[in-house]
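Shared chain: subunit A. Partners: subunit B in the first complex, subunit C in the second.
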Partner chain A sequence: MSAARSSFWPGGAAGTVLRIVASRLVQAVLTALVLASLCFAFVQALPGDAALRIAAARSGDDRVTAESVARVREQEGLDRPLLAQYASWIGRLAQGDLGHSLVSRQPVWRELAEHGRFTLGLGALGWLLSYAIALPLGIACGFRPGGWLDRGTNALAVALASMPSFLVGIGLISLFALTLRWLPPAGFRTGAHMVLPALTLALGLAAFSVRIIRNAVVEVRGAFYMTFARIRGRSAGAAFLHHGVRNAAIPVATFAALQFAYVVDGFVVVETLFNYPGLGDLLVKSLLARDVPMVMGAGMVVGLMYAAVNLLADLVCIGLDPRRLAGRDA
Partner chain B sequence: MMSTPLDRRALLSGALAGAAALAARPTIAQAAGPAELRIAQPWEVKTLQLGESGFTFTRAGITETLVASLPDGRIAPGLAQSWSVSDDGLQWRFRLRDAVFHDGTRLDAAAAKASFDRLLPHSLYLKRAGIAAVHADGQDLVLKLEKPFGPLLSYLVDNSAALLAPGAFDGEGRVRAIIGTGPFKIGAAELPRSLALVRHEVYWGEKARVAAVRYDAVANGDTRTNIAVAKDADIVFNLAAQGVGRAGSAGMTIERVIIPRTHILMLNCAKPQFAEAPVRRALSMALDREGIAAGIMRNKALAATQYLPPTLAEWHFADLAPLRQDVTAANALLDAAGWPRGADGIRAKGGVRFAGTVRTFANRPELPVIATAMQAQLRAIGFDLAISVGEAQAIFEAQKDGSLELGLSSRNLVIVPDPIGTIALDYAADSIAPGSTGTTGWRHDGLRQEVARYLAEADDKRRATARRAIAGIIHEELPIIPVTWYDQIVAVHPRVSGFVTDPLEQRYFLDRVTIAS
Partner chain C sequence: MTLALTHPPARIRRPLVAPLLLLGGLAALVVIGPLVIPHDPAAQDLVRTLEGPSAQHWFGTDHLGRDIAARLVHGGVRSLGIAVACVGFATGVGVALGLLAAYAGRVADIAIMRLADLMLAFPGILLALLISGFLGGGVLPMLIGIKLALWPQFARMARAIAIGELAQPHVEAARLAGFSALTILRRHVLPPVLRQTVTLATLGLGAAIMSISSLGFLGLGLQPPTPEWGAMISELLPYLAEAPVQMAAPCLAIFLAVLGATLLGQALAEPPTMPEEM
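== the complex of A and B ==
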């Protein structure tokens, strides 16, 4: 593998990687635009008067007046034809302007940045925690497939995977916040507030990744090159360390990127449960309020994040196995 | 080849160390100093405009109005220390206090007039008082009315027209910062979730006893319960009834007070099955309000015996026959009204089935459950109730296009302390207001006359007569069927003393609260 690496990375490899990145960026931007447009179409397809819902979101149901609804409709241009509203959004976007929230009246980018920083922090911590749990467990299970640890982990993983994340979160709150009183049950101000939501996400992620890691390890350990390494006199551990880890990491890296979808889905539940002001929370409230620019902006950001994570995973896989560049270079 | 695994290991080690460090950081309870009062309540501050979020700023003690309401409903001086009204009832003169805005500028009549000029057009209720002109006259603010308006003082409690400093407005007259006169000012804001309040040191009245307040919005009711159980806030407002036992067991003191909010069954009286008052009365008699109150609201005292709860002493009349369940009498009323039962047990008349779909919403989680209970109760009198759970606004939209059959909703009766504000909108207006959850397809000229009389009347005795007449008509006609009243449940940390519950929910009186060190 060292030989393969030295023949691909230097020279033309960097150019190939750059071309891949550029092509993926163009794809990502187009995907994000399509996603945002779909968000526009879906929100407009929802039944009911958007101006009424926006006015209610601003002031509460009890305080909506005919005047406030009329004002929203007029000031936000909701009485214009849908195509005109969409064209106006595209026009602003071309100038780098995502518009403003119809509820808070704040620029969309500011709202997204404010909520996004919470979500990114929580997501990164949850993701890292999940691999801190899954990697050692998965590797250990892969070394002793069918052993008590493997069977126990499998049972736990199935239980966690089949449990909705709000149930996991409630369990953690009950134990660590309400019974042991070690951590706060909700909030977002201190690091302590991040632990339970991050752990809720991490357990959901680890439930799947521990099995992927375990299977990758089992597969790699049974590979011919591992047998060959053992024949050459390496111990099982040394052979795995030298030849197995990199090969086992490729499916894991791909899966980790796919898990991002779960993280985004999990945010919606976890952020509501823990009163955490992230993107998921923002997206749900914006949808309920028919805050179209916010929904479209959030859709774009989520789309771009997906694309970025997938690109990162591809680059990691290419780094782990540079032979993958060969086909792309042709 | 070794570099990748080693880097990953380093990454994982760093992550674990980071998580451990995060976990080791203090919780809110530990982080907050003893002088900070921590509030958890459900309402997010979406915008700074008083017409939209004004109630939050007044409740938190940031903004104030000319007059204020006391927990018993009486009107007391606010930023006006006294007032007088001309004999014709058209000119009200308010003598302003020597108060200072949070930015250090003084409240004078010119500043008050400037604030009124900007906020009055966007106020929720005060603009309905018919204020023709506002004048500054020395230290007096003079309001001239188009015609006499009896409940003006109650309408002046409208927090969407609280007085703000000139510096609070931008060039277009919109609120750009909340610069009020209250016992607390905003130190920092993380909208929509959180306000950090600090004591206004030059407050005109008694200074707040706590130096700082953390005012957090926690929209999810279960999360608020968890916060109360963990004692992670000093005062938790709008605790779910299901959380009372757990919060109490954790050592929080529970305060419950019936507030002027009524869960109502709205009927479209333009539909043939709801057009006649005896039929509406029969529907009302089918409801087991005590069961709903005890089983779903967890408080038997919330069974609504009339539309307006006893908290509104002037509007609650002991001589009105209480609304009670009486299935036998209800069936007799329907038989007499010519609604015989069909083979399936459901009544019909002239080809019209005694049935309907009730629209409700889940923002108030008890409402769909109440609808389910009513479904069984109404079947006992031969009414077939279907349930549709959607958005709250869908009820108004169905009212507007005439498709509403029934609606199960909740009405705040005192956006201003006198419920005439909501009654005028819900029972005596020509058009349906989006937030009113009022009558549908029902008009009663007698009631409209009494409402008009009440609004124009300044004499207390004559207003009392009109109140009784209005309450009587609503009670007899039942264009809206009251189901339960509602109680505000507050969990209070044992380190807090001096907490006062305001049934009118106009103010939280946080300035009177002290915290044990």
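== the complex of A and C ==
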């Protein structure tokens, strides 16, 4: 998509990097704007009285009074005209003010930070674990394509890829928590509580990345420069380390960013399944409670993280493959 | 890409047999099941809760004494039916917009592809989650959400292939011979696009089944007591230790349906080219 606009931009290395950063920035801003407008539209479109809903969420359904509803209506500015509400909604957002949760009345950013910590820990652990599984396995498969390990791994990867993450999680809970009783089934108090959620995420991720790694290794091993390195007298291992790893890393890095989309599905479902208080759990609970500022905040964090991850992957690819800077596609 | 003048006769290759049987079998079970299984999927029997499999209840009963087998087949109609509808809509809209982007000039191209980029900027099921969440579950929000998330892939694929086809000399010749845009798109561009579409749609079917069951599992999809595979699993979750068979049934159903779609998609994708990366 960058090629279509190349005439607008300065050429050369700096231009390429600038273009990539700019396009991801635009992506981030647009995502935020769409989310904010969507959230606003939904608030307006919801049937019933918003003030009544919020009051009920705060004090419980049976303890809502006319005064508490009126108080909520005034506090949240629900009695102003629509356009004024939209303008102040977007205006506040532009200043970085995400507002307060309608349910807990905490500032949204504080809740996000609190839950984000948990998700970041889980995500990082899951990601690391997935590559701890997929890298050695993928490379081993790539060195012997068609072998028993390759075929077995492929079958397993297809099976895992055909399960939504809650199926993988339920399988792990049944095995490790209920049958073997090695690990706690749900919760978040100790490190042991993180093992099963992280493993669930990791298996889902590894199911895809192992194939990408394997294919990258197979392709690189068949490349002409590898044959040439072998002709020059290098051992297969040395040639792979010297010429192969970097070339094989390019598709793997690109794919790692695409995988973030899977991580989002993964952590929303996994956190709900394991009752783990991260961003995904927060998002689902806020959606069920119709806590719009909270939903918008959580959605925005996820959307911006996606843009950031994509940017990082773009830059990593350039770092690995400087040929792209010259404007030629590798 | 081969010329679209001659269509190879439709034949079923060997790798297609197993996934087709799997999907066909599931579809048949889901369609015939409600006729064969006498139980009402919503009928509660609070005396016989969490019972194991028996002659009367093939897969046992859930925590409210409802027949798992009946809920499974009635839920399957929804899970699979909605998935097919989502993919069908997304395919139609995506291919139409993709062709429009390729043919209708620069402004339409930029507008449509930016819109597609914008949709793809929402990772995974986030969009479907937000829409279903706000609109309060049910079939329509889920249809809209999943369709919105799926169509950009079809649009990108259709546009990429169409641009390649439109640059071919035989298309140029057709244009010079005075054929209308619609005729050219229908005769020369649509066939190769549709060939790729089948593959992408099959893979999309697997993704849609997963999204629908994930939404159901999260409590944001179809609302209880409507039977749906994902919702069944989340309802049975507290009784995992007591009711392993009842839990395994919907799990296996989702797994087999997605597996069938994935294998079919892979088998279709194998001989020609893989669909373009998202």
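Following the convention adopted for this analysis, the second predicted complex is superposed on the first by the 251 of 330 C-alpha atoms of A that agree within 3 Å, B and C clash if a C-alpha of one lies under 4 Å from a C-alpha of the other, contacts with A are read in each partner's own complex, and residues count from 1 in each chain.
Just so it is clear, a residue touches a chain if its C-beta (ideal position, glycine included) is under 8 Å from a C-beta of that chain, and two chains touch if they have at least 3 such contacts.
Everything quoted here is computed from the prediction, not taken from an experiment.
Looking at the superposition, the partner that touches the larger set of subunit A residues, subunit B or subunit C, turns out to be B. Using the contact criterion defined above for the overlaid structures, shared-chain residue A:52 touches subunit B, although it does not reach subunit C.
Once the two complexes are laid over each other on the shared chain, residue contacts for A:125 go to subunit B alone; subunit C is not touched.
By the document's definition of touching, of the two partners only subunit B reaches A:246; subunit C does not. With both structures placed on the common chain, the touch criterion links A:30 to subunit C but leaves subunit B unconnected. Of the two partner chains, neither subunit B nor subunit C is touched by A:210.
When the two complexes are overlaid on their common chain A, residue A:178 makes contact with subunit B and with subunit C alike. In the superposed model, A:272 makes contact with both subunit B and subunit C.
In the superposed pair of complexes, A:167 makes contact with subunit C only, with no contact to subunit B. Overlap of the subunit B and subunit C contact sets on subunit A: residues 1, 173, 178, 272-273, 288.
Here subunit A touches subunit B in the complex through residues 1-2, 47-49, 52-53, 55-66, 68-69, 103-105, 125, 128-129, 131-132, 135, 173, 177-178, 181, 183-195, 198, 241-242, 245-246, 249, 272-275, 277, 288, 319-320, going by the rule given at the top.
On the subunit C side of its complex with subunit A, the touching residues are 110, 113, 117-118, 121-126, 129-130, 133-135, 206, 210-211, 213-214, 217-220, 230, 233-234, 237, 240-241, 244, 247, 251, 254-255, 258-259, 262-263, 266, 277-278. For subunit B in complex with subunit A, the residues that touch the partner chain are 1, 4-5, 8, 11-12, 15-16, 18-19, 21-29, 31, 43, 46-47, 49, 51-53, 55, 124, 160, 190-193, 216, 218-220, 222-223, 226-227, 229-230, 232, 250, 363, 391-394, 396-397, 411-412, 415, 431, 433-435. Residues 1, 4, 27, 30-31, 34-35, 38-39, 42, 45-46, 158-159, 161-167, 170-171, 173-174, 178, 258, 260-265, 268-269, 272-273, 283-284, 287-288, 290, 295, 299, 302-303, 306-307 of subunit A are the ones that touch subunit C when the two sit in their complex.
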